[in-house]
Structure formats: C-alpha cells, structure tokens
Amino acid sequence: MNFVCNTDMTERLKKKVLIIGAGIAGLEAAVQLMNLNYDVEVIEKENFYGGHVKQWFKTFPDFQDTKPLIDLIAGKPDNLNIHFGSVPGFAEEQNGIFHVITDKNLHIHADAVLISTGFELFDAHRKEEYGYGIFNHVITNADLESFFQNGFPETGKLSLRFGFIHCVGSRDAKAGNLYCSKVCCATAVKQAIEVRQHFPDSEVYCFYMDMRMFGKQYEELFQQAQEKYGIHFVRARLSEVNQNFDQSLLIKVEDTLTSKPMKMSLDYIVLMSGMEPSVSSQSIATLFGIALDNEGFIKVSKPFIAENITEKKGLFVAGTATGPKTITETLNDARSAALAVHQYLNSK
Amino acid sequence: MSELIEHLKNDIRIRESLNACIHCGTCTAICPAASFYDYDPRELTAQVHEIISRQDEDKLKELLSGDYIWYCGECMSCKTRCPKDNVPGVIIEALRSLSQDSGLFAESEKGRQQLMIKRSIGEWILNYGYCVVGDHLNLDLFPEQGPNWQWVLDNIELVFEKQGAHFMKEGSGAMRKVPQQDLDELYEIFKVTGGLKRFETIEKFSETKAQQMGMEFDETHDCEYFKHVYTHNSKK
Amino acid sequence: MSDKKFGFSIHSDRQHNLDLADKRLYRKIALMEPSLQRCIFCGGCASTCTASAFTQMSFRLISLHLRRGNLKEVKSYASKCMLCGKCTMVCPRDINIRHVIVLLKKEFSGNEF
Amino acid sequence: MELTGKQKIWEKYQKEIPSDSYYYARSCIRQNFWPGSENTFIKILREELGKDIKDEAHHTTCTGIAYHSDVVPLETTMTVVARQFSLMSESGYEHFVPSCITSFGLYTEILETWHEHPEIEQTIRNFLKESTGRTFEKPKFLIHPSDVIYSLRYEILKKARYRLINIETGRPLQCVEHIGCHYAKMFPDAGVGGAEFPHVLAGMVEAWGGEVIDYPERRSCCGFGFRQYLVQANRGYSIANTKRKFESMEPYKPDLIVTNCPGCPYFLDRWQYVISEMEGKIYGGDGYGIPALTYEELAGLVLGYNPWELGLQMHQVSVEPLLRKMGFLYDPADKYVVGNQIIQDRPDHPDVLKVL
C-alpha cells in the first residue's frame, strides 16, 4: 500500500483531524498527517508547544539541545494550526463525526481525533519522607533541568555532593504506581554527567534499584558515567531524608549489596520523578467515554497490533498518554498513530 | 503439605504483610535492629517468601529455632516505608507466634528469653490487669531505673497519692486495684482464645530445655534457668 | 563486656557512614587500573572464582568494600586469591580484575590492617 | 522554591477529633511511671475546659506490650480489646481515648483488620461472648489524648500562666518532640500530621511559644523494642538507639524533650542516667541532662500546675533547670510533702548526672 498522498485525495474535500496536545507526539503526528494531506487542527492547554521536552535542557544519550529538536518537528509545516490555551470542554460523536467545543467556545468538527495529552511528572511532595518542598536542596529532575537552563542558585561551595534518587513515585505501591517509568535511569545518568561537567569538583552518587539502560547507547552512557566522570552507583532505594545541623542533607539507605544500613550527607538530592498519567488524559477519557488502563493511562484496544487505537472508533492516541516513553519512542509512536488515522480515514 | 508452613501461610499477618520483595532495602535503612544487631529485615522478608513458595519446611524450622527472628523491636518503622506493602515487623510477629506454639523458641538463646516475658508481663496481666506493675520493677531486675525510682518504690503510696493516683486501691484512678470480676473475665478470655495455652507451652518447653541444659528450674524468678535466660548474652 | 552495674553494654552501630569512608585506596587503584570503575557488581567473577569454592573470596565484594573504605575486608578477600584469572575472562565489563588484585596484594604486603 | 511543605502535609493529615464525651482507657506504662500525667489530662479536660470524660475502674490493659513481646496471641489481644469496647458501649460512650500509643496503634490496626476481614471480627465477637457473655459496639472515633490536647491547644493557651519561652533571653525554648512509632508509622492517616512530620506535639509546642527542633534522628525509635528492653540481656539494643538520638539532637542544645508515648519518656529519661554512669557523658544542660516530659506534663506546666503534683519528681533527669528557664514559681520543698505528711527519704544522687 502506498501511504504517500495521491492526486485523488488532494482533489477530494480534505478530511479533518483534531489533535489534542501539542507536545512532541502531537506535533509529530500533526506534521505527518498534514503531509498526508489532511486538515489538521491542534489544541493545546499551554501557551507554547513542545510540552515537557521544551522544559528539558538536553536529551539522552547524545546531549542534544531540545530546542532545535522541537523546531525540527514543528518547523516543518509553516501553517501548523494550533489553538493555544484551550482544552476541550464538550465532545460528541455522530455518524463518525466528532463535534468538539473548546473552553474558548471554538467548535471543531473532525473525522478523527488523536489524543496526545502526554504525562505528568510525579509530584515529589507526595513522597513526604524525601522532604521535597521542606528541605531547600531537595530538588527534582525537572528542577535540575531548569537550573541547567537558567543557572544554579548560589551555593558558596565548590565541592558539592549530589545524590540522584531513582524510582521516585515509580515501582512504588505507596505512591500507587507499580510500573517502571522507564526513562528515569537514563535521565539520571545524563543529569549526573551534566552535574559533573557543570561542577568539576563535585562528587555524584546514583541510588538505583536496577539500572534499566535499555536503549541504544544507554549502557555505553552508563559506563562512561562510571569511568570518565567517576560517578558512583549504589544499589539502594532512598528511605528517608533529614537535615543535618550544618544544613546539609542526611540520607538513609540500605547498601543492599553489603546488607548494611548506610547513611551519608549530601548537598543536593535530585529526585528522579517518574511519569504519571496526566490529568488531561483522564479528563479527556471521561469526555470521550473511553477507558483507562490499570495504571491510569489511556487504554489501547489491542496491545502490540493496535497501540494507537482506542476502544472508540475514530479516536486515536499517541505518545506518553498510553505509558512512559522516551523521545525516540514517542516520535515513532506519533508516526505510527498518524498511519493508523490515515488507514482509518482512507477506508471510511 | 507441611503443617507448620500451612499454619504460617494462613496467619492473617502473613496474608496481609508478605508480598514479593524487590530488595530495595528501605526497611533495613531505617530499621533499629539492623543497626544494632546483625539483622536485615529485607533478607528476612525474602527468606520467608521463599520458604512459603518452595514449601521448605526444613528452612522454616531452622528459622524458628534460631536467634534471627528475635532481633526485631516491632517499632513498625518498616511499615511506612515498604514500596511493596510488605511489613517485616508483622511477618516477625507471625514467626514468633509459630516459634513459641511449636516449642522451637527454646532452641535459641534469644527465643528462650520468652520465659522471662511470660513470667513478668504475661503473668502480671492475669494477676493485676496491667502489663507493668510498678512495685515489681525493682532495681535488681531493672537497675537502670536509677535512684529516683528507688525513692519512688520506697515511698510508693505517698508519691502516687501526691499525684492523685490510687495505688492498688478500690475505685477508678491510676494504678487502681482492678476488680476481681474483671480479672476473672481476662482469665476467661485467655482460656478461650489460646492465651493460656501459649503460656503453658512456653513453660513446658522451657522446663524441658532447662533439663537438657542441666539447669535448675522452678516457677520463681530466682531459679538458675530464669536468671540465665534473663541475663545471658553470648554475642557481647 | 557487660557493664557490672547494669548487666549489659551499649551495642555498637552497624550503620555504615559513607561520609567517613576512606576512599583513598579505591582512588589509587582506580587510577592505576581504570577499568575497575566500570564494575556493575554482577557477581560473575565470584561465581567462577576457584578460591570462592573453598573460601569467602568474592571480587564483587572486594569491589564494593574498596568503594566503602572497608579495607579490612578487602585485604582478607584479596589474600584468598590465587591469581588464576578466570574472573577476568568472564567479566562482562571487561575489567582487568587480575591486575586489580595484584595491585591490592602489593598494597597490602607488609601492611597490617 | 517555596518551602511550605510541612504546612501542606499538616493540612493533608488533619483528622476529625470529637470535642466532647470521651471514654478514657489508662495506659500500663503511663500509670506506673507518669501517674500524674493521666490525672493532669483528666483535670485539664474536666476542670479547665468542662469536658465529659469517663474514667472507670473495670477496664484493663489492652495486652499491647505483651502482644508486641509476642507472649500473647493475636486472638487473645483482639478479644481483650473487644472487651474494652464493650465497657465503653456499656457506659454509653462512642469516643475511645486510649492513653497509650502502643494501645492506640493496636486498636487502629485491629479496627482496620476487622474492617478488611469481617469474618475475623465475627470470630472475636464469638470469643468475647463465649468467655464473658459480652457484646460490643465499635467506637465511632478512636483518638489519642494528645489529639485531644492538640485540638484544644489554643484554649489551653488562653488559660496559660507560662509560655515555652526562656524568660532571661526572651527566646523560644528549643524543644525536641518525640512521637512514638505506633502513633502514625503504621497508619499515617491515624495521626495528626501523618507519619513523616507529625504535628500533634509540634502544634502544642508552637502554640505555647516554643520552637521545634528538627534533628536528623527525629523519626527514630526511642529504643524500647519491647523484648529488647524487657530482657536485661538485650538492653544494649535499647540504649544504643536512644544514644543515637541524643547524639543527633545534642548540637541543637535542646531545652526539653516532649513525648507522645508513655514509654518513650521513660527511655529518654533513664538512658541519660545510664549513659552518664557508663560513659560519663551528659547531653546538654550544664550536667543536668535534658528533661524528657510527657505532653500532659508540658500542658500542666503551661497552665501553671504544681510540678510535684504533675509528678516531675519521678523523672531521673531534674526538671528544675527547665522550670527556672520558664520563670516558673515553684516550691522546692513541696516535692516531698503529701497532705500533712512529709516524706523523710531523699533519693540518692547518681555518680555523674547532676540532680536537684
């Protein structure tokens, strides 16, 4: 089958696809669908596109700046039609046509809808014992990215000790998330290296349960972190954080490989908050009457063979709205979703 | 099917507090016993999980006969932490119950100490209606109480009266004498629910053990065996 | 020794304090054999180790204890090694384990911990 | 970053505390070592605040200490607890207030177990019926007396005669609060402020003018460990725990320790004496040690009650230095006067720890 747009189709009245969410999944799918000659409209709750990636400084494993990457995706078509600061407030389907009204009272009639509402970072406040929002130097992976982008607060100290805490809000029944958030191990290694580059005199520890370096070049990155940057990896999960008299942070873990309780002082603790289902995904699922899976992500109709198709005809899903994904996976998923939409509309 | 393992498996505390362990060590990190004994609640949890899933009765007997299950202080700090909803401290409760009810407690130094607890706290409950009774807490058994407590003991009725307490007097109030009818009800509860049976089991196996160890044994706090289990610590 | 008056002594704390760990030897060895830094504590070395069949030898634990500054343990384990080199052959991170042990043995010769 | 984390947590863990009609169950340890504290609690509620609190003769231990020292089976403990509820129902009360934290934790756990497993509750009902002929209603509210004092802390403040302020410096007294593990570690929702940053004592301290110290070992156990203290051979565990806490709080120079659980002040008090005897070490206070009080004693001091009726002479660590800091007017001689009798005996002095 030939997926490239053909002349028959251009002559027909263009079919419309509504994409909800202008993160990298929504953007990539939009571009692909426009190339397939569909009329695409995107609504985005924020006033910018690029989603979480936009707030990230660099990617792993290759330390690319994120900004050019987003421009590369979004910059392809000049006429990308995005309604910023809008969320769907009403949705109805009749005879295969979706009628969506936004909170700004914009009416959209679409032949297909693609949900790309992404994820939310786990709110680290919920791990009360980690002291986020209580102790000044307990930060999250997202805070650290913003420090990289906007500069670190003055510390007055050169030889800082950093501790990266993996699995924050992931693999945790107490947090309600039993799944692995997948990208945090690689993110931690990336950020640990960046910290060492930023503060050459610093000492960096990663506290992990399992190093899940599954992607191409990830394991190499891990090895580089150990060898080239002297980053220490300790198999442990953080139990609690306290503050020392000198204001440094005291952590308690078990050094599981020697079976001993262990404590150490740190200047910064970076919590690797995992991916959680976004609130938007949940409200949109309710709006369109589709189900969520056990973890609260949008449920796909058939694993493996229809990962982008929801249980409702004409309603598609792409990116981290269905579960944690890397940037590469998200972009591939978006292309796959575009294809699924195309197949659907082509056979309609 | 092993009876011991069935018993353990059906204990509500095991049913509610034992899941697969991911060996993260958040329990051990803050466990007081892990700091001050050679003990690791993470390993304990994994061990019990394995015993049950493999039906390994020999391993269970070994565990119930050893010191390892007696180190935990049941502070339950582990309950707050575990990301898999395990509670090593509650698993310990189930193991200790089984160790006593099977008599295996008498095989370990730490397990044998249960006799002292039965003969103090245990009996005070039935005799007075309290777990702790001040005038039994003398400085011979509890020297750390210090000179002020000795002074309290020497003048206990007056000191308690000063604070509005009713030391072993009728009526309500602190350290009042619990009426006999209530003690009778407690006794009946212990009889019906297995409390007395556990006491008897502790006594019975302790006596046998004392004979094996060649130590004098009677019902007092002064016999050789009682003093031995109360004070002996081979680890230090 | 139990205190005479009270009948017990204050237990010592097993908790490891990483702030106080002496990491000088680790740094020194890692400088001479940088591949040591790549260790992922998989235990491949220990499971193939000839000495570990008869003693407590485990290079995995040497690697850990060296990083934690537990030099007594490191010395004791290292003394068990017969330098057969099987561990070096199985290491998935290609660490020159044999060389690390040779360096440690040199370090400890004449030094009592 | 805005550091409002603690406030947010405190808002999250505010439990409903009924304002009147309490059925009080006394604590084995509190009655023995701090009998004045229990009476002070009743006095504050009845006399200062006009509340109804039932204090009757027929209730007993919950067996908690024996249960956690493992000599009493779970079924026995549950049935004894059911009997306590039966006494409460019989008296026409619905708000159960156990003085002990071990009890409070155990009651919470048992109610939770019964909720999850109604068949167990039925078994226990049958046991109770068979052994005593009793039936029972479950309490509508299970609250700890410290929850009650917490909820009334500002009313107590209105009647306060003293503040937790050093009258010489005008600065807040530095207070260590120690919660007691079984208050909220097992069921964070059961405690005011939750398990990690409990507010129940911190709220009292702050309301009454003091400042709470957050030291690294704040969350650690006092070291009781049930069998680990009860058996002499194991006491090295108990004291080691407490010592670790003292060492951790020492740099903050605490003026006092306030506790929630009846057992904790015992260990935080007595082990200071033992450490001083064994190692010659005294934590803080010009050789006098750090007074470890119950929250009832603290409330009583704020209200200006006679320290010797509160029972402060039963502590091994002398409280007089604290009373002086607060500017508390007290009669040193009254320590030994009971009615028209005078106790002639005086306690011996420890070898190292200074006492008054």
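The first chain written gets the first letter, and so on, giving A, B, C and D; residue counts start at 1 in each chain.
Heads up, the rule we're going with is that contacts are C-beta pairs under 8 Å (C-beta built on N, C-alpha and C of every residue); 3 or more make two chains touch, one makes a residue touch a chain.
Treat the numbers as computed from the prediction; the structure is a model and nothing was measured.
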With centres defined as the mean of C-alpha atoms, identify the chain lying farthest from chain A.
B
Higher C-beta contact count, A-B or C-D?
A-B
For chain A paired with chain D, centre-to-centre distance based on mean C-alpha positions, whole Å:
47
Counting only Cα atoms for the centres, state how far chain B is from chain C in Å.
39
Where in chain B do residues touch at least two different other chains?
30, 34-37, 80, 144, 231, 233, 236
Chain A: positions in contact with at least two other chains
129, 240, 255, 260-262
So which stretches of chain C touch two or more other chains?
5-9, 11-15
List of chain B residues in touch with chain C within their complex:
34-38, 143-144, 231, 233, 236
Touch list for chain C against partner chain B, complex:
1-2, 5-9, 11-15
Within their complex, state which residues of chain A touch chain B.
129, 167, 171-175, 209, 236-240, 252-256, 259-262
Contact footprint of chain D on chain A as seen in their complex:
125, 128-129, 131-136, 139, 143, 240, 242-245, 250
Per the contact definition, I'd like the list of chain B residues that touch chain A in the complex.
22-31, 34-35, 40, 42-43, 80-85
